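So, here come the structures, one by one.
The same chain A turns up in both complexes below, where it pairs with chain B and then with chain C.
Up next, the complex of A and B:
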């Protein structure tokens, strides 16, 4: 069943909107739960009440963030059904499992121990309270694990087979789905990005206290924890980012090409450190894709394939094919895909009519072309290309900012170790103003991952156009605007409340 | 385990999770009683804080209900959520607004004021629960969907699910859940608050809501037992109409009938001891009764060749546990995962006990630095 482009666009827009909003809050929760757990551990070990005050202050901010994270989160799960119902059937047999496990394993842990963390200070023992805080951190990170197993599977579907009788993909090997290298690297990269964001948040706000010359002891304690945790997390983030790029190169070459604005594939391909894309560039022409660019030679080959001399296919190679490097053109894949789609229909019809010989012949034809089935639903070869500008700029923004964060943590840790952080006003301002960029980097990362894999809902298997629900596009448009208004209204309230709580400071908690 | 056993097992789990959710909606019921039970600001703060320690569990239970349906019966997930679009979206909006309300209500600089967040809680507790009841009602009355041979579905009405509001059974089901949640909230407060002025107002609330609930419950139960239902042939999958389908199912499975009676009696006993014997422990009986009753009512939909989601547009598109489930492999994997259920239930129980050792008082709420 083909959907109108308008419906698919609105469905995508709504999913993007709700996910981008949700993602404003999740990374902070992922990291801040660990940071408060570390602080509370220091409190329990040392018995120093000041650490308790510090813990409680950051916990208060966590609660404000957590609430809106839940509010924007509940919709994500149900949207697979409401807006992507064909998707829910076609891959639900694999995709539903990690979501259900997420609920059972992670959400209950978070919500149960969250109540102890906030209301249990005088009700349970110190040790049980500390355990609860750690369990909230563990729970939120477990939740990230399962949703990223699901997402990793969409980027690199493994462990399943297509059942022609039910017309859906069915799980064959749970462990293959769970240990999917794409899912593993995605999980590690994403949670470490959350640790980095939370560290930036704590560092920046503490810097504000130092600039205001109030609660300085508290601020210095917080900076030590944030900059050391942030530094370790940043180094880890870069390592896992490298692995993520490697996974993209192996399984989603088109995404990699779009991320780098690479049209003509080459050996020793470079990474564009800075560049401005020429908007008039089209696929297949001979124009330089950049107005200007500064390139690091060989870096992309190395990043993608861990080999300086590796060939990195460009968008043109992937669209038109490249015999030398054994790349099939999208046109050819579409032909094979259409054969698969036709054979599947024929198989069903013959089976219904009771002609088993013809049915089995049709099934053979289908199986021979099955891996290209998704391409059979594309309208033209260039549909297989994601937005290059969106992928390129988000990727480079993310990487650039990530590098800056590492440097910031390094400098901050150094100055706080020699006890001079509070004297370096420029550094304190830098730390404060970096907070919003932490969020920019988060959203950019999400855009690279999700917009970069278009047009696929499931890589090579299911284009978004096939995945959407059969509802009127006006219905989705209405809910889109309702979400936009509601989430924006809640975000403004959240930011106001958060700023007020920061101003009140640790002693008010 | 063979496929049918797994499908039945998963339908049972979905029923239990649904039933636990319905029990936990005492949180929502309580949200609608803020001004009815709390005359002063301190009293309302007490009520909010008592519910505030539990609301996330209810919220999570709803998410879990969705997750379990997705993993075990993906076709239902696709057909109903993608079809009855407006109803599910309205339900979700009612829960989105709940999630921020507790935390933001009392915070300084919260932009919209305390009353605004209390209104959000009221909408969640009334409209949210009513619509969930309507949606559950359609499991009996059906939806306007067609499933094609590739198992892809579409809704045949442009009202995308809102037409369910025109069916008196669905409406009664929704209202029944609202009154049940309010009644249970009263019983929950009896058990967990130490505030004589508030407690003094509870009995009347419980009585009124109980009477309303009972009338609706008898109507709903009567309709379930004596209306026509759909049944499918397990060999061919062909769906047909059977008169008094669920009465037959109960007679075929007398154990379920006995359990239903146990559930109802326990529910009534709880109300009785609360109203007549001034017992504070009533919620345990009523809660247990709710869980058992709802489990059985849900369970009967999936067993004995019943159709659990009839299609009003094309009878043969109707959903059964056999034609809508995940694969044998996935259901097996998830059955293994379900061994975690008792573990989760265990720690929830343990935490609940240690947090609720003593009843909540206004003084405690005031002295706690972090309160809602």
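Up next, the complex of A and C:
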């Protein structure tokens, strides 16, 4: 068995692959369930059968997406047990509760209300059917809540105590874990991004019908719902994004600095609206990090700390420390981390030898330095810096596309309201070709969240190198490619079945 | 009362039965789900994804000890 950087890199690549593929299916389900619920509500309120046809068409596409995406997330749980067994053991007590609730909730909701929603047309009352549709929408979103509570904890671990006898983090306060501000903001930002993606999906496909001059009334109805829902969701997405960035600034300042390519901290720090990073820039040198950039002054201070004059630490401040602003260097944190690891070793050995007095003293030293434990495993201070290019470009891609989506919904809603959408071919093409960019923004968001927090599996406590299992890297490589083939096959199947159903049109459902 | 309960369960049964029988694209989707779950749980999980700590150790105490040794770099 081996435990090398290669193994850790392949384990990370495999997890990233499965998470990114899984995330191709989930956000559409999160948003489309609400869109069909809104459409069905209009049908029940108006009694207009055309709205029923519209609802059933989008519900059909939802079913395809749901079926193909179903259980793709389970593979990540396999990976926890095989490739991340150290991590799974250490977080087991924290993850157990949210994931068990998620599993039970998903099972009961999906086996009951999904069945009523898909099979219950004309078999249950209109109100009962509508209630089931709304419960599916709420249930699938609540299902996401528990996963994001677990993820939020990894980004900002709270409400737990590390037990040095069992090597496990034990939950001390469920509500602190559940109401972790990082988890709450992550949940709201993630689900609202799903609403935006689903709105783009409905808008783009409806635009295709208008371009083909087919089922035009159906397409216009769908566009009005998609562009209004998408516009509201986009505005909400901005507010949740603001809160997310605020949480990152408070708890993961290195991630924020990497997202903005900020090396030298400053007051009234600006956001780079557009820029190209200089790849030759290294930590601690005096080079400008950008070949060129266009900045909005003060915006990063405001985004991060809700104060235009706030000091935003840069990568250099965080690595070398900044006494003026009370920032401890990574080197100091590494020293404290090594003391924590040494004290844990001493505690274990004294306890084994039966010397409880010395064990108790070692435990006190451990507890005094525990919050820096993860730094004790880093080889050099710069290991605490994530990939700046990956974080920066992913963040700016996500934000740029998000702004474009807002504008697209606004223009589409305007032309729909004045009944001229069908005449604007340029807009219809733009709406259609924006669909894949919705997915790009989704994946970019995950890259910012997950690659941006490197090297940590659990922020400040456990680096990925310590979280990975000691298994053969060749087996991880094999399964990486196995999943790449499996998921690509599923994706091709989804696109093919969906295209076929779209071409059949609403009357065929 | 008994008839009402029987009727309730009958209606649930027919909801699922008719739903499955009258499916169009749904049949392809169910086939896809079945193949996917088979590949995931039988092939992938069984062949490639053993639970490392469960397989290597018999008790939680042994697992704790192994992780502690890893954290203290004694493995």
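Annotations
The rule is short, and it goes like this: the second predicted complex is superposed on the first by the 501 of 509 C-alpha atoms of A that agree within 3 Å, B and C clash if a C-alpha of one lies under 4 Å from a C-alpha of the other, contacts with A are read in each partner's own complex, and residues count from 1 in each chain.
Keep this in mind: a contact is a pair of C-beta atoms (placed from the backbone, for glycine too) under 8 Å apart; a residue touches a chain by one contact, two chains touch by 3 or more.
All of these numbers come straight from a predicted model, not from anything done at the bench.
Overlaying the two complexes via chain A brings chain B and chain C into a clash.
By the touch criterion defined above, A:292 reaches neither chain B nor chain C. In the superposition on chain A, contact is made by A:113 with chain B only, not with chain C.
In the superposition on chain A, contact of A:341 is made with chain C only, not with chain B. When chain A is checked against chain B and against chain C, the one touching more of its residues turns out to be B.
Once the two complexes are overlaid on the shared chain, A:472 sits against chain B while remaining clear of chain C. Once chain A of one complex is fitted onto chain A of the other, the partner contacts of A:102 are limited to chain B, with no touch recorded for chain C.
Look at A:426: by the touch rule set out above, it reaches neither chain B nor chain C. Of the two partner chains placed by the overlay, only chain B lies in contact with A:128; chain C stays clear of it. Clashing C-alpha atoms with chain C after superposition occur in a single stretch of chain B, namely 98-106 (options considered: 8-16, 98-106, 188-196 or 224-232). The residues of chain A shared by its contacts with chain B and with chain C are 60, 63-64, 67-68, 70-71, 74-75, 78, 81-82, 85-86, 88-89, 115-116, 118-120, 123-124, 166-168, 348, 469-471, 475, 479, 482, 486, 490, 493, 497, 500-501. Within the complex formed with chain A, the residues of chain C that make contact are 11, 14-16, 18-20, 25-26, 28-30, 32-33, 36-37, 39-40, 44-45, 48-54, 60, 63-64, 67-68, 70-75.
By the touch criterion stated above, chain A contacts chain B in their complex at residues 1, 56, 59-60, 63-64, 66-68, 70-72, 74-75, 77-78, 80-86, 88-89, 92-97, 99-105, 107-116, 118-124, 128, 132, 163, 166-168, 170-172, 174, 348, 352, 469-472, 475, 479, 482, 486, 490, 492-494, 496-497, 499-501, 504, 509. If you check the complex, the residues on chain B that touch chain A are 53-54, 56-57, 59-60, 62-64, 66-68, 70-72, 74-75, 77-83, 85-86, 88-89, 92-93, 95-100, 102-104, 107-112, 148-155, 158, 160, 326-327, 329-330, 333-334, 337-338, 340-341, 344, 347-348, 351, 354-355, 357, 368-371. For chain A in complex with chain C, the touching residues are 60, 63-64, 67-68, 70-71, 74-75, 78-79, 81-82, 85-86, 88-90, 115-116, 118-120, 123-124, 164-168, 341, 344-345, 348, 466, 469-471, 475, 478-479, 482, 486, 490, 493, 497, 500-501.
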